[in-house]
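Shared between the two complexes below is chain A, which has chain B as its partner in the first and chain C in the second.
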Partner chain A sequence: MRSAAVITGIGVMAPNGLGTRDFWDATRVGRSGIGRVTRFDPTPYPTRLAGEVPGFTAADHLPSRLLPQTDHMTRMALVAADWALQDAGVDPGELPAFDMGVVTASAAGGFEFGQNELRKLWSRGSQHVSAYQSFAWFYAVNSGQISIRHGLKGPSGVVVSDQAGGLDALGQARRQIRNGTPLVISGAVDSAICPWGWVAQLAGGRLSEGEDPGTAYVPFDARAAGHVPGEGGAILVLEDAAAARARGVRGYGELTGYAATFDPRPGSGRESGLRRAVELALADAGAVPREIDVVFADGAALPEHDRAEAEALNTVFGTGRVPVTVPKTMTGRLYSGAAPLDVATALLAAAEGLVPPTVHTEPDPRFGLDLVTEQARTAEIRTALVLARGAGGFNSAAVLRVPAK
Partner chain B sequence: MPAQEFTLSDLKKILHESAGTGEGVDLDADILDTGFEELGYESLALLETGGRIERDWGITLDDTALTDAATPRALIETVNRHLASAAV
Partner chain C sequence: MTVAGRRVALTGIGVLAPGGIGSKRFWDLLADGRTATRRITFFDPTPFRSQVAAQIDFDPAEHGLGPQDVRRMDRAAQLAVVAAREALEDSGIGVGSGPGSADPHRTGVTVGSAVGATMGLDQEYRVVSDGGTLELVDHTYAVPHLYGYLVPSSFAAEVAWAAGAEGPATVVSTGCTSGIDAVGHAAEVIREGSADVMVAGATDAPISPITMACFDAIKATTPRRDEPECASRPFDGTRNGFVLGEGSAFFVLEELDSARRRGAHVYAELAGYATRSNAYHMTGLRPDGAEMAEAIRSALGQARTAADRIDYVNAHGSGTKQNDRHETAAFKKSLGAHAYDVPVSSIKSMVGHSLGAIGSIEIAACALAMEHHVIPPTANLRTPDPECDLDYVPLTARERRTDTVLTVGSGFGGFQSAMVLARPDRDAE
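The block that comes next holds the complex of A and B.
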């Protein structure tokens, strides 16, 4: 029998809450963290809103040794990993180093660090570029730094597949657990809220130019015109269920299903791979559609993407037959960080029996979705589906099952 | 004699600013002969430190200067040797 992967620890860095408690307190009542960019002056740019993580001072949480060598997103990832381990009740120093791994996802690497070093290179010369630029910008840097900080020597890596990467990392973590590693730290934290990161995101053509935080990011709404970018995410501790049980821990829930597919060539006229990702994830979980109590949708807020996602859900579940929500309307899209945060949200939602709302959206009835809007809806949640789609054709789906109370 | 001498306090300031200070490490203790490795600085931290010394003090350290200097005392001596020859 294959080992089950349970989530035993959660560490949250979100625009509407620093830490799991703040985040859930905000999310359950629909409090958004989207506002005008403060990390740089966005006036000259067409997109001026973002979901920024509030009140995070790295020096309060991390030793000075780590500060000169880390980007903002790595600092947030390191602290989220600390919190996730504390939440899981795990002290890595007490476990065999080769029994612990770390698999994160990254969409952009350390953009702000890279921007600062490139500026020094252009304006002052190569002698002024930090030696730490060699790795601080790199996609794998969060996995590396978490591994070094906690002495994790088991299988490790990074997945890069834009927003879908957040689920792909969890899928890879589960694979390593099945291959015999009892504990894997996973999830993702991204941030690229600096001018260089901003123009890179603008070039993707998916950003909302709305100025009103109340209407700028409205997936499944007739007004949908792109997304507000955000920063943050969640780091999770995944464990072999038997190993967790042996230390008296049941965990928040199990990652029972995961699948990833790729879209056909743009313009081919063929269906997106999303429906197949959902079906494969359900099959992997051994679940039938009516067992899914809630869907955490990707919510691209681009008409064509929203239509494809609604069609996939309606085809699998029947039109309007499953509650759907997009809590990322409160945070903006966090790229790799989004799906691990949705997974954390789904587990917290199940623990309380409450589906958090999709804020600001007035659902377009043509999509035929039962979208949970305005306020949270009470529901018994035993099984949840989380979707994540990445620019370039990535589709990923994960099924979570929560033990009966 | 160089116009200015590179001291332990200069080195400590640069070490802290360019690479931070490890947990449980006291740079104000008697560290002149404590190995950089024991102080928690790996090769990249020393590379960064060397770059800062070069920029701030207007000297060029050869590639082996940093790898050969295993302690603050050795590095300070190397830097002052460069400063002396630059002043000639």
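The block that comes next holds the complex of A and C.
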């Protein structure tokens, strides 16, 4: 019998809520955190909206010695990890160090930190570059810093698969649990809301140029023309179910299915690998399509991508046969952070019996989806599917099961 | 989680290393004990403390990359695609719908990289910021493929397109252990049954001003300027920092039984892999090597191999005093008395330290050592360090029957990884 991986702790950093309670209070009523960029002057750029995490002051949560050596996204990740452990009721100091690991995803590393050091390099000279540049910007930094902060010496890792990476990290965390590590901290927090990060994101050609926070990011809508980028994400505590039970914890739910696929080469004209990812994740979970109570869709808000995602869902579930939602419409797309936040949202949604809405979208009927819009919908949620797709052709899918109340 | 009986074979190798493009020339360099460290020519290194690196003399056009490939891909991605193609060709496997071909849906990709498209980012930042003068950098000067530099999963996409793979694909980025961890990850994906074939390896091309500057700042790289060809001196009493390198190595990994069925040449079985963290410091190491020792013990356990069966240890051997003592302690702790008997060497003495790539390049060295029954040497080791008292195979390669090999890596972030390669027909204990 394989070990089951249950999620026992959640730490949220989201544009519409700092911490799980604020985030869920906002999400259940459809309150968005998207607004004009405040961290730099976005006037020169064609995209000016973002989902920024409001009210996060790192010095309130972290020792001052960590501040000069960390990027904004690492500070948020460290605090989210603290909150996730508190939520799980785990004190890592009381557990064997080799029995705990950390697997995070990253998209751009500590890009703002890198920007500042590149600026010093080219404007002032190489001797002005920070000693912390050697690790503060790289993709492994959050796993490294979290492991150090909490003394986690077990198997750790870092994956990069654009927006799909957040689910790949959870899949890897589950592997480590099945291989015998009882507790793994996982998830992702990303941020590249700095001029250099902005220019690099613009080059991807997927950003919305909408000026109205209400309509700039509307997946599965005939007006869809790209997304609003955001920052944040979620850090989760995953535990071996037996180990959690032994300390009297049942957890929010179990990660029962996971799969990843890659699309055919561009221009092949062949179907995206998304449907296969969904089918493989369902098979991995031992679930049939009618058991899925809600789908947290990727929602790229690009016509071709929305069409491909709708087709995949309709093929697996039947046209309009499963409720679909994109709460990312309240946060923007958080890169690696998006999918772990969707996993957290799915677990919170199941706990309340409420599917949070896809805000502002008027669903294009051609897609044939049962999209939950504007108002949250009451529903019994026992099994949820979360999808995440990354630029280049990455498709990941996860199935979560929540115990009956 | 291992599906009963699924084992992982390494059936194809591709290498682009300093001094050796292609696995044959790479091996010749190692077997001859030649070094590829030189004064930097990619840019003027005069302002830097460290001015030596191991560069590859690489012309993408010679390796089938067109002008658009070169424009789209950072140098690290170019190296990866060329290495992956060599590995596929070497393995003789086809990916596609033809008879005997691997199913694209059952073929995945794992690419290790510590610093992604750092060279491209450095160059592009300089342009959009107009030499660091613009705080609000100018997007109208950005190259169209800058997003692929921002998020280096573009490397996995490039390799997947080159291979025709449509199974699980990702980048593993755990700093300087990325090259071991990517291959370990891919092996796990095969063992658990999520794929039958993985094109796995690692790449990094970090020789750029920003990388040199950040290692200068912490005095991690060697300041030695005379005799650049002798600048990388792992385990030597006169060593004073590592020499930055670049490169890529890729492998074709297959489920062992199906590899045998198609008559593939099996270089080695990936018999054991483990990673641990020191949870101590982002760049520092405790001298006792406890976490690396734990990773080694775990990898040996997974491989069901006793420590005294190890015929060769490929060391991390970066050439910093801190590392060399740390891992010498780890070998003693994990291998016991055998640590003093087994040959240990560092090929970083010859090809430098290519960050996330080197772990895969070293796996290639291990597989080729098993192929030739030759242990590559530690070049430039002339002055013993009394605190490093193992057999580091100084200067000259050594013939020795080599059936079971251990390779290790250690990196920023505290990651410590170990992998055991073995002949698949070895006696199980």
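Quick note on the criterion: the second predicted complex is superposed on the first by the 405 of 405 C-alpha atoms of A that agree within 3 Å, B and C clash if a C-alpha of one lies under 4 Å from a C-alpha of the other, contacts with A are read in each partner's own complex, and residues count from 1 in each chain.
The rule is simple: a contact is a pair of C-beta atoms (placed from the backbone, for glycine too) under 8 Å apart; a residue touches a chain by one contact, two chains touch by 3 or more.
Small disclaimer: the values here were computed from a predicted structure and weren't measured.
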| item | value |
| --- | --- |
| Touching partner for A:93 - first (chain B), second (chain C), both, neither | neither |
| Touching partner for A:68 - first (chain B), second (chain C), both, neither | first |
| Contacts of A:156 with chain B and chain C, given as first, second, both or neither | second |
| Contacts of A:267 with chain B and chain C, given as first, second, both or neither | neither |
| When both partners are placed on the shared chain, which of chain B and chain C touches more of chain A | C |
| Contacts of A:130 with chain B and chain C, given as first, second, both or neither | both |
| Partner chain in contact with A:248 - chain B first, chain C second, else both or neither | neither |
| Partner chain in contact with A:115 - chain B first, chain C second, else both or neither | second |
| Those residues of chain A which chain B touches in one complex and chain C touches in the other | 69, 127, 130-131, 134 |
| Chain B - residues contacting chain A, complex | 16-23, 40, 44, 47-48, 51, 54-55 |
| Contact set on chain A toward chain B in their complex | 63-69, 127-128, 130-132, 134 |
| Residue numbers on chain A that touch chain C, as the complex places them | 2, 40-41, 44-46, 69, 97-98, 101-102, 106-109, 111, 114-115, 117-127, 129-131, 133-135, 138-141, 143-145, 147-148, 150-162, 165, 168, 172, 175, 178-179, 192, 195-205, 259-266, 273, 276, 335, 390-394 |
| Contacting residues of chain C [partner chain A, same complex] | 1, 47-48, 104-105, 108-109, 113-116, 121-122, 125-126, 128-129, 131-133, 135-139, 142-154, 156-157, 160-161, 164-175, 178, 181, 185, 188, 192, 194, 209-210, 212-218, 220, 274-283, 291, 294, 411-415 |
